[in-house]
Structure formats: structure tokens, C-alpha cells
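Below you will find the structure I want to go over with you.
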Amino acid sequence: MKNSKIFQEIGMIVDKEELNSTTAIVHVHSPNIAKHSIPGQFVHIRISDTFNPLLRRPFSIQNVIEQDNIELLIRSYGRGSSYLLQKKIGDEVNLLGPLGNGWSVPSRFKTIVGVSGGVGVAPILFLQNHFPENFIHILGAKTVGELPVSRKMIQQYDLKIATEDGSYGFYGNAIDLFLEYIQQLDVHSTFLVTCGPWKMMHELQKIAKNFNLSGAISAEARMGCAVGVCQGCAITLVTPSKLNSCFALCCKDGPIFTLEQINMEVNPFGN
Amino acid sequence: MKNSKIFQEIGMIVDKEELNSTTAIVHVHSPNIAKHSIPGQFVHIRISDTFNPLLRRPFSIQNVIEQDNIELLIRSYGRGSSYLLQKKIGDEVNLLGPLGNGWSVPSRFKTIVGVSGGVGVAPILFLQNHFPENFIHILGAKTVGELPVSRKMIQQYDLKIATEDGSYGFYGNAIDLFLEYIQQLDVHSTFLVTCGPWKMMHELQKIAKNFNLSGAISAEARMGCAVGVCQGCAITLVTPSKLNSCFALCCKDGPIFTLEQINMEVNPFGN
Amino acid sequence: MGIDTSCKIGKLQLTTPIIAASGCFGYGTEYSEICDLKAFGAIVTKTITPQPRVGNSTPRIWETPNGGMLNSIGLANVGIDCYIKQKLPELKNYPTKIIVSIAGNTISEYGEMVEKLDASDVWAALEINISCPNVKEGGISFGTNTRMTQDLVKICREKTTRPIIVKLTPMATSLSEIAKVCEDNGADAVSLVNTYVGMAIDIYSLKPRIATITAGYSGPPIKPMALARVWEVVNAVSIPVIGMGGICCGEDAIEFFLAGATAIEIGTMIYVEPNIAKNILNDITHYCTLKNLVSTSQLAGLFLKTREFNTTCTISG
Amino acid sequence: MGIDTSCKIGKLQLTTPIIAASGCFGYGTEYSEICDLKAFGAIVTKTITPQPRVGNSTPRIWETPNGGMLNSIGLANVGIDCYIKQKLPELKNYPTKIIVSIAGNTISEYGEMVEKLDASDVWAALEINISCPNVKEGGISFGTNTRMTQDLVKICREKTTRPIIVKLTPMATSLSEIAKVCEDNGADAVSLVNTYVGMAIDIYSLKPRIATITAGYSGPPIKPMALARVWEVVNAVSIPVIGMGGICCGEDAIEFFLAGATAIEIGTMIYVEPNIAKNILNDITHYCTLKNLVSTSQLAGLFLKTREFNTTCTISG
């Protein structure tokens, strides 16, 4: 599903919806990237003209709107993302994209179950837009105030919400809720897609193995170039790939990997 | 005239008047510094909490207002000063001051002639406030649009303006205008004070020597600490001072020096 | 506006004095869609080694708070054989010159690599990366030792007639001595600097930010040091010096030329702005116009000729 | 909140592990009005030399675009005799320990200075600045040469029984070797790093930003390198290591402690925030509480003990 053309584009923020104090949905006018994006791909954003920060930061594409705009979901995490969140409608954004391989769901699977944690919801929503039928989307958050979606989106995407403090929807985490659903599903025709905290995805990997469930994850790693040049974004594999390498590049070989490929004992951030 | 107590104070911008696109008068509420400032002293301002820029930047005190506020005249020159100019009323400013020695006009002089160029007007206006009588203040600028004073101030201080393009006041530079005045003055009872571009002050030094005129200059140098520690702000002297040093520290021994002290062949900025 | 931007590094003639640094432009093709390749006089491909290397464990990169980058990739590369068979042919008829970067664990490995490479005519020059540890000598970096540098340059020189550039590590105390050894043993040019050793710790998790603990430090924060090193070496040798380290805009590049660099390389900043070479080239030619120069090669004389290099250490503090 | 902040450097007991770096706190009195001196366990006074020095020509400082500082002051100081007569007595009964920094042009000059100083009991320890050029040896910096370092430490050791700290220059390739020599010859501690050599050019005026062309580079941009150097030396010697270089906040300081530093020095950042030591002390004790430690001296164990130092060069690129 890899889409090879990459653009550098100065986009403009045309819409911004603050979901809570740390998260916002941002619409960026960037026709070239919008036209060529497929679900699972991301953009690499230069946040400042100065050196603060220096490197670009990667953000998943959450949707493409009216062909010309991409929708991003930005959470303030450290320096870069918080500066990005300070931008307003009318401000410019320096983008590189679309990047990465995108989801690929073999056609034998009739149902897709998405399990997302926090802003990990972004690449899964984009996929759901392409496969609106038979898509069960479970979204976990600590508490209702940290939900990275609007009420309207919950309805629109029929999101199954789990909050750890029970302040909204299911009382528990996304995995707990997933376990409730998995019982009712035919594992052979169901494909699992997940994006969120490494720990959550790691647990899902084990559960999927137990249930013989196929699936894919959207991985994260610190990125330098995002085009396969610096080799900074290595992800450790279970079985060596081409060149007998035990690593794959998150930016180019990923960010989407099958659940079986990745050695999730090794957190790419080292924590 | 040295005033020894130094304060570190978080001041607040309480007023801001833009004179033109690159210069503004800024009033900062900083009661401790205001209370102890004398004409010719300066404050050392931390412009950013980040490292951009890292070091503080020095600015002369132009006036003390209602005992609690200091008035600064800020021109956008490089990084630091332009960031400072972006601050708005209500923003905080991290100050160190009052610093430096201040003007000292021996009492035998009955008339003071101030010759200032651009924002060099600031320390001279403060002095004029203390000696409003018999003060002739000549101010030069390239063109009317770059005048670092308001029309009101021109009246209030009876400023003799020279513009190089003749767009306001005298057609010529501040030195040309000064030469017109010097003819009419008794050099023995007149004291010259000057602040502005090095080249202008250098020329004045030569003229003063010819006319046997006494005077003082407010010098500038790049500053690190501004309290006499780093020795970064050295000014080259004509005759060695204490310790037989051929240097004096602009921040501590200055910024005010007598016209005779400084070897003006050596521009402290190296240009 | 009619400014001649060509430059000569030994027999190597480049159309512009801007080169993509090793490790920052992959095998040459990755950025080709988004970059104007013609802004580069040459590109240096990722350092290759005798065997393929998978690279170091993760995490491998970290951005420091002041806009620097730490990396510990561990020379992940496809190995020389695959490089010659698969990567080099893709660069045939490329609109820019190809410089091949090599590194080995022993001196003889360097020699063998040059020999293998000499069979291909796709590349125009060699950049010898001497910042890596010599496994035989207990891991001392080749580039900090004059004797090892000498042997290394000699053996490479024997194996090819094409231009040899030796890439120096700034971790050597007397860089000018090392550069002199390169010149004396037949190198056509030296390039500097490679990365500085740096480190960062996550104080909350108590883990190093980079798996290998220490890493290579690059980007804007190293520029003032890199410039001083280039100035030092320019004043010590008469072969061309290629300057790099933290260059991220036209003004930075011009400082290196003024300090006497014949060409410059751009590393980290390419990740930030893939088309940075084009912007820098514009800025340089604009500056030449301003200074009434007809060619970028005249820049080297402007500052240099009016100064004397101080061979003794500067007393700073 | 009851965190014990004391630390020991040889026989020297400090109330806090934060020290003002030489050249950044004058002769000790200049900042006394605006700083809470008690946040400092000690202050190192400006390096003094056998004769008064007027310093280098101007301009002497420059701020680089990434928040670093270049300086070439040239060790402007009043000279040892005036220092002992006028400056030291002012620090009698000071609320913080005094460390005297010295530098000479020859090895014997160092010895003579220590002898003179030993008559005063105001100071608690000596910091030997070995970053300056040895005039007898043609201007090679003492601190990049093991033999000269050895002779220098030996002669100082003979002249005083008070603690001796040797301040190392990061321009030495094998800093751990130099540190080892200090340890073997009786130094009680080493402190590092002094400034890196840097340079900047005004491309419009074609003048160097600093009159001496090259200058010392300090401030936030050098932190990752300084930390790596401290880590290297901590793993090479068993005497205490005092870490410095670009420290500007509590988190930076903690990284140095985690890397194994017994104490830290703050330089450039004092100019920016004269009371920075107090803020850093607060941050450190807060962090200790968070990590359930009862003393700041426990920090050194947290990271260090779980890692192995890699003696071979890291392959970064």
C-alpha cells in the first residue's frame, strides 16, 4: 500500500478545535499531501524556524477533508508538540509527507477491530473512514477530560469508550473492553489494528497471539529524517528481515507493522 | 556618583509607546530599581526564559516616573532587542539594576550640551531631567521616521533636531548642528555629554579637544555580567588607569567616561 | 546572477561548493524527489563497511534542548558488496558527483574496500571516515593517532588514483597535525568535523537517552567549534579543506568559506530542511554580489588573507 | 525538606554540591548583594597569575545564535600579590568556602604561587587551571599533555596540604588519561570542563567577532559534550569529579550528578541568572524527595551503578 511520492509543502492552518487543555484537532490546507495520503501515513512537521526545536516531529494523518486539507490530532507532550499547539488559524506549517507505508488489511478479513489509546486514535480513525462497515473501534483514555475526540465524533464513529476512572463509558482500560468484544467475534475473519502507548500494544500483541488473531500496529519511534535516511527510528524485529537485519525503520518500513513482526520487549524509546 | 546597591527585580510593563517601526518607549514597574537610579545608569535585561537569547542585554534608563517606574527606550537591533520589543503591556521583564556609575558633571560648569545620536538620547534625557536649566540638547537621526522621541518630547525638552536628509529640523548630522552652537558658547563653563554611534562620539572627542571643551560620554560594549565580573566589556583607555591597566570595564567603571579617558581609535565592537 | 559557483578539490571539479554529508543523505536516492539535487556539487553516501552492519540498539537519536542532535546509529549499512552491486549503479548519470564514504575496523580493511570500489566508475572521490575505533589497536579511534592515520591514508592512496578526502574527527587534540599527515601521505583534501562525543540522561527513568550512553553530537551548537577547527586546519595545510559542523543557513556557510574552506558539507540540517542546499546556494551567490565577487571561490581570501593564525593556544577565560 | 546536601571533596566538606565556576564569580564579592551565597558550597575565584594581566584586546565576548558564549578575556586579573593582599582578606568569614584558581606560564610559576598562597588561611582548596599554554614548551596547553600535567600536579602537591582540584580542558583527546595522572600525583579531585575552542566571523564587516579570532566556548550548547566527558572521567578515576559545562537548570545539574559528579560548577549561567544556584539547589532537593533519597550524595549511584562504561569509542554515525 506504499505510496511513493513525497511532498514538501507549506500548509496553512484553516481550522482548529480544542478538545481539552492538551489536545486539539487541526486542519491544515496542504493539497498535495492531502491528495496522496492513505490511512496510516504521517506528516513530518517543522515546528519552528529557529532551533527550538530543531528536528521535525511526526504526526499521523487523521483524515483528509475535502481533498485539500489534512486533519491532525495534536497532543501537547514536550517542547515541539506544545509549540505546534500554540499555532492559530492562519498560521503556516512546514510539512513533509505523506510518509510511511499505511495500513494494509488483507481482503479475507471481514471485520476490523481498532484498539486505540489516547492520540493513537488518529491513524485508526483514518482507516475507519475507508472501511466504515464492520469496524469496531475501542478507544481508551485515563479520564473523560483526556478523551482525544469530540462528542460528535464518538457518535459518528460509534466509538466504544473506556476510561480508567469510569468517568465516561466503560469502567476500565481499552484492553479490558477489547476482551469483552473479542469473545463475540470470529477471530479468523477479524483483523486487529492498534495504536497507542507501547505497553498497551505490547499486551495486545500477547492477547492476539493467544487468540490467534491477526493484526497490525502503528509504531512510534523518535525520528530524524522520516524518509529512511538517518536510521534513527529503528524498531526491533522478532525475526530478521531483509539483509538479516534485526531492525526495521519505523518511518519507511513502517509505521505500520504486523503484530508478529515486532519484538515488543524492546521499547524503541528505551523506557 | 556611583550608587552601590543592585537589585534583581521582575518588573512589569505598564506602558508602551511605539515611536516608529523599530523603536518604542517602554515603562516598567520596578520600584526598587526606580528608587535607586541616577542618570547615566542602566538595567541589564533577561529577555527570554529559553536560551534565545542567553545573555542579558543592557539598556539605559531614560527616566524614572512616579518613583516606581523606569522608562526605557528600546530600538530593535538584533535578536535580543527585537524580542524585547515584542513584549506587551502586562508582560514581565527580568531586570538587574541600577548598574554603572552615572553621569557626573563638576559644579563649575554652568551649561550642559548634550549631543545624542539615535537611541543614545536615553541617558542624556535622564540627565536633562535632573538639570533642566541651561541644557542644550542636540539630537541627530538619519531621517524623521527614525527619530527616537515623540513630538511632545521634542517640545518638552526643547530638542534641537538634526536629520541627515533634512526631513525634520536642521539639515545635516548632529555634529554639524553642534558646531553651530559651540561658536556661541563659553567653552570653559560648558560641559559636553554625548551618547550615540561610536563614530559620532569619536569625532566629537576630537572637536572637543580642539575647542578645549570638557565632557563625558556614555560608552557601549557587549556585556556579559554587567557587574564587573566577566571582564567582557573592556573599553580601551588613553592612559592606563589603576593597576596600570589600559582597559576599563564599561559596566562598572562606566558606562560614563570623561572624553579624555577613552582611546576612541579602538571601537569596542571591533567594527 | 552570473556568480561562478564551481570549486576544485584536487582533480575533482564541482559545480557548487555544497556537499551533502555522509549519513545525512542515505545512499543518494532517498531525497531525490524532494530536493533540487543540482544545488549540491556532490553528495557523500552513508559510510559503508566491509560487512553489512545492522546498527546499534535503540533508542539511537535524541534532540538536546539547545537544538543539537545526538546519534548513535552504529554505521548501519548494507556492506560494501551490496553497495557496489545495488546502490552505486542507481547513481549512474546522477546530476551531482558521488563521493563514497568508507570505514573499516583495521587498516587493511580500508585498503581492501578501496580496491573493490576502484572497479566502479560511478563515483568521483573517496571520503575516508577515520573517526571509528581501530579494533586491532584496542578501540582507539584512527583519527586521533598520527601513525594510524598515516598508514591508513597511504594504503588507500595506493589503491586508487581518484581524489581522496580524509574526514577528520574533532576529538583529536592536534587536528592540524593529523591533517598534515594526511596531506603528506597523498590525501587530496581533508573534511571536518565529524560529530563530537555527547551524552544525555533521562533523569526520570534514569536511562540514557541513547542506548549506547554516549553518542555523536551534531547540529547548530557545534558550529563555533567546528569553525575554529576548520580555521586551525586551513592554516596548517595547503590541500583544500572541506568544512562542516552545524551549518544551517547561508551565513553559517559563508563563515566557513571566509575561514578558508574550499567547500562545505551539510549534515543534520538536511533532515530539517531537505532543500537547504538550494537556499544556502542562493544566499552565498547573493552575498558574493554584495561583495562584488565574481565567484564563490573568492570568498576564502576575504577574511583569511588579512589575519595571522595564532599557533599558540588562545588564553580565553 | 530535610535532604542532606553536603558533599566531600577530599578533606573539603561543602554544605552544598554547587560551586561558582572560576571567571564567573569575580573575586567573590561582586555578586554578594544579589545572590544568596549560602546556596553555594564554595566559590572559585577568577584565575590569578604570577603577574597582573590586563587581558586581551576588544571585543572579548560574543553570544552565538544557539545560546552559547564565546569569550577571550585573556585571564585579566590583579596578579597573585594584589590578590593575596587585597582580594583574599575580603573573603574572611565568608558564608561559603573559597577555592583559589591559579595559572602560570611555566611549571615552576605554579609552584611559586602555591607557596605564596599557603601563607593565607582564608582559602579552603586550590583549583589548578591547566588549560593555559606553557610558554616554555612553545605554547602547548599543559592540560593536553600527560607529562606536563604530572609535573605540574606534583609541584603544587609539594607546596600545600590543602585539597588540590585540577581543572581539565576538554580539548585533550584522552581526558581520562590526564585525569588518571592527576590522581596518581596527589590531586584530591578533578574538575571539568573548561571552555572549548570556538570562533565566529562577522560576515559583513569581515572581522572576527572576538579580537583574538578564536575564543573559549561555554554555555548550554556544550552540556552534552561536557556530560560525556564527566562520565568518561568518573569511570577512569576514583577521586571525586566536579562536573561543569553548560549547566543552567536543576535537570542539567542532576544529569551531572547521575553521571557520577560529586559536585558541580556553574559558569556562564550565573551572568544570566545570578541566583541560579538557589533555584538549582531547590530543584535537586525536590528531585531527591521524589526519588526517596535522603542526601544529594546518593544521586551519583542511581545511574552509574547500573551501567558499564564502554572504553572503546562509540561508533556513532
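Should a chain be cited, it is by its letter among A, B, C and D, assigned in written order, with residues numbered from 1 in that chain.
Just so we're on the same page, contacts are C-beta pairs under 8 Å (C-beta built on N, C-alpha and C of every residue); 3 or more make two chains touch, one makes a residue touch a chain.
A quick note: this is a predicted structure, and the numbers were derived from the prediction, not measured.
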Steps in the shortest chain-to-chain touch route ending at chain D and beginning at chain A: 2
Result of counting contacting C-beta pairs for B-D and A-B, higher pair: B-D
Inter-centroid spacing, chain C versus chain B (mean Cα positions, whole Å): 47
Chain centre separation in whole Å, for chain D relative to chain C (CA means): 32
Centre distance in Å when chain A and chain B are each reduced to the mean of their C-alpha atoms: 57
Between chain B and chain D, centroid-to-centroid distance (C-alpha), Å: 36
Where chain B touches two or more other chains, by residue: 50-52
Per-residue multi-chain contacts in chain C, two or more chains: 23, 65-68, 71, 73, 208, 220
Pairwise touch network: line, ring, star, complete, or other: ring
Every chain pair in contact, whichever chains are involved: A-B, A-C, B-D, C-D
Interface residues, chain A side, partner chain C - complex: 4-8, 46, 50-56, 79, 96, 221-236, 243-247, 266, 268-271
Of all residues in chain D, those that touch chain C in their complex: 22-23, 47, 56, 64-68, 70-75, 129, 131-133, 138-141, 144, 171-174, 194-201, 203, 206, 208, 212-217, 220-225, 227-229, 231-232, 251, 254-255, 258-259, 287, 302-303, 306-307, 309-317
Contact set on chain B toward chain A in their complex: 50-52
Contact set on chain D toward chain B in their complex: 23-26, 30-31, 33-34, 46, 52, 54-55, 57-63, 65-69, 71, 73, 76, 78, 82, 202, 205, 207-209, 211, 219-220, 248, 268, 270-275
